[in-house]
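Quick heads-up: structures coming right below.
Both complexes below contain subunit A, partnered by subunit B and then by subunit C.
Right, the complex of A and B next:
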């Protein structure tokens, strides 16, 4: 029975000229988004790889100098453009692409796309995510808003009712018929995207495929929710106008108003300090700590005494190691603590804001899929934090290496300018590399989004099963 | 119980008895109740079990308006009962009650002895329905529409059978694969008949099916009904067309203000007498 209804729904949709036109527009938009997005991602990644490599070359070829000067010379870490980011750019535009890594200081990731863009960026880039999350649901609404009401208005529902078919079976048939039509638009595009990955990405591996399949599955579920909701609303609406208005209202609230309201509400509930306040707090704490560059620093004097006692000597000149190196590392570790505290505070605030948005997925499935999509594409806030942490760990490691070299090899009494390390020393610092987390850890982190989609599916299934027979056949 | 047995099929002689004594030409094979006493199969034949469509003291009230007042009506296999009446007389309400589209306020509606309200699914299986404006899916062909509705009715129909049914219903062969949006009303009604035939239903309900049809199409339609009636289908049809009611119907009922005023056999009255009776009834409605 279901097969008969699915076939009819599918045929009716396929033969509807208005739907043919809107589907063709959407299809061309999707193809454009995928092709342009993939090319953009490839170029950006190429640029970042080239920049990362050039910066490392610069590091290696910085010439002979004191290791602490080399720590100040610093390095750059470039955030790789994830392979799947062509489907969802997520927060990439706002989170910056590179960070300068230097001694004493944890810099922020800078040069976000939004800094170089005009106000149009706020309207979003034409990406697969924009189409899948916003436009395809809109097409679903136009496909399904009158699926029941039109039949009721034209009297065909009465004919169906006369055949003894239950409204539940009819509803399910309509849901699957329209869903099939949606998948017919979605699957070829996603397949095309996969083919593009295969050809252009040298680093295509199982992990990317798993992420890609997860993304496909979750989007398919998201579309099913919209189809079910649209068909149910059509079933319980008195006429097509009311059904369309209700569905468009839901779309506007779910896809435009609620996400914005959630962001604003999260910002009010968990306010972030201004850039000035943030920097000022760090500056104050650093000022109160150990200053490796200041020999008259009181805390440094205490540390010096501890080191002298440890080695059983009375002056730093008698130490077998370079006191300056130890002082530098101590200062470094203190500032690291300060940065850890302040950055974790701000990270915690952003995390709380994100969590709130993720929980809101139980009210608005658009928010759920948005977080899941960004997460799997590698363009969400979590990835940014992971990259920043990885870059910071790298910074600390290479600065420590420089300080250790100073401590062990810069003999006491030798002037700062007279001790230089060379390329061999610089080469001991491995190039910066960042790898995206695996699918399991992403999905574990994004469990709220998946739970929200499952919750919506269950709710809609319950309504469909329990209340569909209340749909009037007349 | 009886109808369950009926569905399972029965010996040929039962069918012969039925056809010979109760309903000549009927394809219905088992009219009686089956009992087994001391190893002998006995059949209990009763007049009541021949009633396919039955309304018992049927009333329907919409808000405060009494659309139907204690209607009693019976249609047996091979009968075509025509309900005549002015607009608002309760004809369509009667059909809607038989279809289970609305529930009675009082009384019972039975199809093959089963209460429509309590056995909605079962009774619909035994019914075919053609409304005044048979609305089909415009972007599907006649054949696709037939296959869809027949499939929903539980009788999946292949292309060859669908074509045969549609052409038998009077549709041109080339029209079968045309989209219904290009069909005239008459062609749509023919598709309706083909759907009813595909469903192989024992009962047919028609709500003013010939209104708006040209005389030729109306005549074609009447011929189709006659052939279905001859095959033992019980037909209840509402109409304004006195001539068609007299020509095609076996029984005629005249309704006014929700009441069935007259029930008569078509063979017992001439067209002129029917017209006079109808007009008198209508007038009495006006002056009532």
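Right, the complex of A and C next:
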């Protein structure tokens, strides 16, 4: 019996001209989004790879100079464009692209795309994610809003009911029939995207296939939730008009209004300090010590005494090593600590802000899938922080290397301009490399979103199983 | 005329009794008020930050002024005194960091536009400007992506939805409610009845839109008298935008489809015009004309900086003195002169490169603008944003101001630096007077 209902639902939606038209529009949008998005992602990644290696070449061929001058010359880290970002660009236009790595200073990741384009960018880019998250649910609503009410209005529901078919079976049949139709649209696109995945360039992301499959699975679940909800609302509605208005209302609130309101509200709840306050705090702590009672000149004097004692000499000039290099590295490390403290505060605030909308996933599944999708595509805030941290660690390592060389090889009494290191020294610094985190750690980060989707599935299942027989057969 | 009034009267009665309508209007009004409040909150935050920075700046400068009057016979005062009056400074010890704020325009709170993408103030000293203005404001990218729930958002996105909701069943409700035949048997043409009813509904939207703007001015404390022009411009633009949506919906009603199908079509057009076309345009324009690469700008400036440091001092002076003969004193070895001269070279180079970069940005944005008519929502939003002076161009204009302020500083510092002179108290007073710009 169930099979017959599924077949009926499926066939009647396939044969509906209006749905044929909207499905065709959606399908062509999806194909465009996937193909053009992939091309864009490929180009950008190529650009960044080229820039990254050009910058490393500059580093290698900077000529002979003092290692500290080389540390000032610095390096650049470019953020690679994740392979799956063609399905979900996420925050990519709003986070910076490159960071200058130099001595003494932690720079920000700068030059976001949004700053270089006009207001249109704020309207978003047509990607798979936009279509899957916003448009497909809308299509589901159009497919399902009158699945019960139409039969009710035309009197066929009574007949089915009279034949002794339980409402639960009918509901299940309708859910599966419509879901099949949705998958019929979704699977070819996913297959197309799958073919486009370049698994060759796997050095950036070794688990791209796993992430892609998880993404597919989660989206399939998301669609199922919408199908179940739409069919249920249709079942409990008196007429098609009411059912459609309710569903459209839910869609507008869940997909348009609530995401914006939540993020804006989170910004109010956990206010972000200004750049000025942030820099001021760092400056203050570097100058007066993290606890406020350890000024920089006192720190330096203590260190000096330690070094002098260690080598058993009484003045800096008698040291067999370069005091400037030691002092510089110590200053560097102290600044690093201060910076880490201050930066993790900011990071914490942003995470708190984002967590609010992750929790909101329990009310609005759109928010849940949005975070999950960005996470798996490698375009969310966590990935940005990870990149920034990787770049910062790289900076610390190479600056340390320069300071160490100065400490050991720049003999006291030799003028700054007279001690030069060469290409062999520069080549000891490996080029910057960044790999995306693995699937398990991403999903562990995103447990709220998954829990929210599971929560929705359970609630809808309970309603379907326990209350479906209350759907009026009249 | 009498018929028209008659229709209005009954339509009004019907509207007043409709709970759906009340809810819709209340929701839109609520969203509008939230938007007004949110815009005010954001702008107040920016204003507080600006005041905070300016207070810090004035306080710092006043202590500089105080240091300049210290008794230098005492050893502990000597360092401060010299610090206050020395125009040359290296690394962290530069003379003074000046802050220039981009004060929000009066209407900025109605349309926050691109302001959240850019810092609302820059801090810089007399050394190379471009090295100091590549800073971002701390902002959660998630928030930037989601955008602001300000009044312009309500106008551009939510008002059309309200129009769709008010218009979609203008014809279908009569048909599905069984009153269509009754209506057609009246001596008044059906078109006339429907058109006048549509007109009344449109009037409701217009009244709501006007009310929201008046509320926005009142709640944000914007003066009507001094910004009447902007007020009228906003209203006219919004009226025009609403009219466009009413026309679209009239077209859909004209097709005489069922209520459900009309609602779907209305929402479909809404989706296409507010979401899909801007997104498609972005996709195609970015694929066709990718944004120029910042990396090339950074790359060549760094190369120049490196060359300045590696070459003998004459490398800088040989370029600097011919362009600035007023500073030429024949000195080609002084570190400070070389240091500051090299900043000017760096800035000149950066300026040329940035102009080239900006030209490319303009070209790619021009392509977007050419097709903007396909995305009326984006076009209206951009227009509202430019009226509120929160668009990208307003920020570029602010950067111009930063540049000329910086040039003004150089006009005070450089003569002293190149004459090997310290500041005197009057110089500091003069610099102090620049702070309250």
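Descriptive notes on the structure:
Heads up, the rule we're going with is that the second predicted complex is superposed on the first by the 454 of 474 C-alpha atoms of A that agree within 3 Å, B and C clash if a C-alpha of one lies under 4 Å from a C-alpha of the other, contacts with A are read in each partner's own complex, and residues count from 1 in each chain.
One rule holds in what follows: contacts are C-beta pairs under 8 Å (C-beta built on N, C-alpha and C of every residue); 3 or more make two chains touch, one makes a residue touch a chain.
These numbers come from a predicted model, not from an experiment.
In the overlay built on the shared chain, the residue A:210 is in contact with neither subunit B nor subunit C. In the superposed pair of complexes, A:273 makes contact with subunit C only, with no contact to subunit B.
Shared-chain residue A:166: touches subunit B; no touch with subunit C. Looking at the shared chain after the overlay, A:319 reaches neither subunit B nor subunit C.
Once the two structures are superposed, subunit B and subunit C can be ranked by residues of subunit A touched, with C on top.
Applying the stated contact rule after C-alpha superposition, one finds that A:96 touches subunit C and leaves subunit B untouched. Once chain A of one complex is fitted onto chain A of the other, the partner contacts of A:457 are absent, as it touches neither subunit B nor subunit C. The contact surfaces that subunit B and subunit C form on subunit A in the two complexes do not overlap at any residue.
The touching residues of subunit A, when paired with subunit B in their complex, are 1, 4-5, 7-8, 11-12, 15-16, 154-156, 158-166, 473-474.
Residue ranges on subunit C touching subunit A, taken from their complex, read 20, 31, 34, 38, 41, 45, 49, 52-53, 56, 113-114, 117-119, 121, 123, 134-149, 153, 157-158, 161, 169, 176, 259-261, 263-264, 267-268, 271, 274-276, 278-284, 286-287, 290-295, 298-299, 302-303, 306, 309-310, 361, 364-365, 368-369, 372, 375, 377-378, 381-382, 385, 391-392. Subunit A contributes residues 18, 22, 29, 32-33, 36-37, 39-40, 43-44, 47, 51, 54-55, 58, 62-63, 65, 69, 73-74, 76, 78, 90-91, 93-98, 100, 108, 110-127, 130, 134-135, 138, 142, 145-146, 240-241, 244-245, 248, 252, 256-257, 259-261, 263-264, 266-268, 271-278, 280, 346, 349-350, 353-354, 357, 380-381, 384 to its touches with subunit C in the complex.
Listing the residues of subunit B that touch subunit A in their complex gives 99, 101-102, 120-121, 123-125, 127-129, 131, 133-137, 139-140, 144, 147-149, 151-154, 156, 199.
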